[in-house]
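Down below are the structures I want you to see.
First chain A sits with chain B, and in the next complex the same chain sits with chain C.
And now, the complex of A and B:
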């Protein structure tokens, strides 16, 4: 990435503020995901409310960042690394916002399960592990963005394959479970919803990482399979 | 978007050096100019863009002490434009030039456009009428001047004068058009008209354009060359130069950074 300063210091400030906002938004999403996982493990339904509230701030930041991107494009007509940064950021915030939405889905699923008086731990073994993996992907994707570290970004992309595999195996277990004991169907469906949301969080972390690679190298590796991240 | 195959060459600088007396203004330039494409030359003031452009139509020959080394090959005939036995006047028929400031001659609109043809010895009135009209249409100014061809060219607006100069350059059916900052003295509307014209013209003529406006280079050109201190630093497809340049010096220049 280009470390030299612009002739216009105002432009430098605009870009650095934009990056700060993305990191702030990322921090909030990370908190949402981590709180949702804790709620699942502990049954602390109270935190569900705070996850929903955080979502409002995430949405506001998304809009503010998009607006800043539009202004920078209109005023500065960025090129090369500046252009890639602005384009990358406008995609990254979409993924972050959606990851936040998935955290909200997890939280609501958790509330349904506990309010129904069930303990999730006896079902869907491995959810917690899956969730830790997705959370770590989001964290690393944000670190990769903050440091513009393509190696870290690539390792996030590779990790997504493991999350996908784990997700499928959980679904298989739950389906078996439902067939064996139809009374578990309602809760199992909630757990499937949660597992799917976690898997999507991993996808969003992967998308963020792909954008980091685009921002740094100018390579668009979306839809190219995992070989691209070697 | 990808430009699939490499287009044919219209010209190519090979190990080109240029000296204003002792001062070496171009340093070992190697660069293709592709046929019926627009190539933009960008770079900071004094880097040698105009010097390079003027080498093509042998403008430097007008001053003693100027010296070329190397070649500029011109295709399809593979002539070396810089060769001593090539006639500069003949070269200028095949290679037209448009300058930063519109510079119409103190003559009528008609005579401005007819000038190059007359130099060539064309005096048949019908032929001249026909070619002048064709050139004015090609420069997208015919409708504005067709009823006032005998008026002085200096009565036209700046943007119209610039299009008139383009018509003058087009009249001799050149194969290559050189533009040296053709819109820097024009307002955005007149600039837009010239850019639109460049887009039309490249269907039949190859264009090499110097511009200080990065967005203009990005808009009008297929290829971009970045020059710095008399050297060609980077040449590539415009789309690639403006999204992912290879050289840090190019990157710093187009993103407005201090090197």
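And now, the complex of A and C:
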């Protein structure tokens, strides 16, 4: 009797540590994204290197967490909500890692633009706004995971629609620019890459939120359209 | 032994005393029957009270239902008082705890209490606001789950709290937080979070100022030294020499104007409040227009929009120099063909002097720092335009001395509007 109590609390501790690791990885990704945005706004390409370095740590954490998940499943055979938590986590880390990769793409795009001697400032406002929105989505998705708050998760899923709309309007604007003045094409293509990466970060935040809803409610609302998040 | 207990005992003895003669003189079974019956009656009486106590003990409440009979009355009474005292004590303690929490909430610094696993036990609203916590849902959560910045996680795990951690908050708008971790009661920790955004900004301004002064003075000095060296070592012809000397005098004039501006700034800062002469604004606006036209040399359209009434109280040279600076900036940063508007409106509620241009505009992120000394949006450009980098700092100080606010609005590519708003107390003649 005593032993089983001990084991189950040990199990709880394992799960709680796993969650903390996921959130730490999330923290690294948040930092990467916000550093990438800063680099875009200020043109300080020195931070690009640290973003790439952080990515290495994110990758390591991803592998370590996946490993922990496999261990927990093999050793503890979790059921019901515990099992959903472990399954959800293994998907969340994939999305976080990809979001980190997108941040790296932004950083590299910024470096290309500034090293080419261009200033992206004329598109600055739109892109920065898009980036702030994506960053706040990823932050809220992680908050929702930490608090297992499905309402917050749903609001992140809804916010993704706005980010998509804004992304499309930036692309339209860039197309106009390129048609007016072909000399801007090189820079514009780089900026499209950056905007695309930001939009993808929003998508990953949405996926994380969907997993949070799965973990809490056991409902899989992927590919069900935004009505599912009402 | 209390009297009620003795009474209960005496009743039993009394039954025995009465039963004995009955058993002895009448028939033994009658005595026994009497004895058993009287004990049984007592038993029923006690059992009734016992059942009541038993029922009460499951959910002790303080009310009058706790009333016993006979020997039980005393016991019930004492229990009732005990329960009542206990509740009063708990209430007092609750109140004390509530007061302590209220004191924690009243602190202007953020406070977070952590247990030995760095899980959140308590945090006040300031900390909630600073770190994005919600105590209602986050109690018991490891703090690193919510404050996920890698620097913070590393600091908390590093276990070296001799120096505070300076953290640029990701949640608030560019807030700088200083976090102290203080161990208490064994393994528990108290996190104190100070908002040092202002101090940090001042520090940065001071550092930037020293660096900038040195840089601004060194540039012309390098040029001067270079030419001097050339003139000393190489024989140059007269024309060349003349050209060199012209460039040298240009650079020395530049240094002079920087030093002059620095002196102006420091004298404005330390000077007593400006005198309250009446400054004739209609006259000044007209003079500003003529200056602007001279500076523009026909490349811009200069428009004056004035009510033609209302004057200011203050120091004329300071105000003229501040307004002149705003006008000159507008002319300088507006491409040829643009328009510069000089606006003067005064009413009973105050007055506004504004300069609006159709120039290159300023990106929003630069606006808050524009009046810092030597702050430059684009390092090369403003120096080419002949600025010392101190103009707007002087303007802001001069205006502040007249209780006026400098309000800057700008859209890149569209134009800027610099407005000086004076309070009603500074306005006369309306």
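Rule of thumb we're sticking to: the second predicted complex is superposed on the first by the 220 of 230 C-alpha atoms of A that agree within 3 Å, B and C clash if a C-alpha of one lies under 4 Å from a C-alpha of the other, contacts with A are read in each partner's own complex, and residues count from 1 in each chain.
Quick note on the criterion: contacts are C-beta pairs under 8 Å (C-beta built on N, C-alpha and C of every residue); 3 or more make two chains touch, one makes a residue touch a chain.
Note that this is a predicted model, so its numbers are computed, not measured.
Q: Determine, for the superposed model, which of the two partners chain B and chain C contacts more residues of chain A.
A: Ranking chain B and chain C by residues of chain A touched puts C first.
Q: If we overlay the two complexes on their shared chain A, which of chain B and chain C does A:26 touch? Say first, second, both or neither.
A: The second partner, chain C, only.
Q: Quick check on the superposed pair: does A:98 touch chain B, chain C, both, or neither? Answer first, second, both or neither.
A: Neither partner.
Q: In the overlay, answer first, second, both or neither for which of chain B and chain C A:143 touches.
A: So A:143 only meets chain C here.
Q: Which of the two partners, first being chain B and second being chain C, lies in contact with A:108: first, second, both, or neither?
A: A:108: touches no partner chain.
Q: Under the definition above, what is the set of chain A residues touching chain B in their complex?
A: 2, 4-8, 11, 77-84, 217-218
Q: Per the contact definition, I'd like the list of chain B residues that touch chain A in the complex.
A: Residue positions touching the partner: 214-215, 218, 242-245, 248, 250-252, 254-259.
Q: Help me check something: in the complex, which residues belonging to chain A touch chain C?
A: The contact residues of chain A facing chain C are 16, 19-20, 23-24, 26-28, 30-31, 34, 41, 54, 121-122, 124, 139, 142-143, 146-147, 149.
Q: Help me check something: in the complex, which residues belonging to chain C touch chain A?
A: Going by the criterion above, the answer is residues 132, 134, 137-138, 141-142, 144-146, 148-150, 153, 170-171, 363, 365, 412-413.
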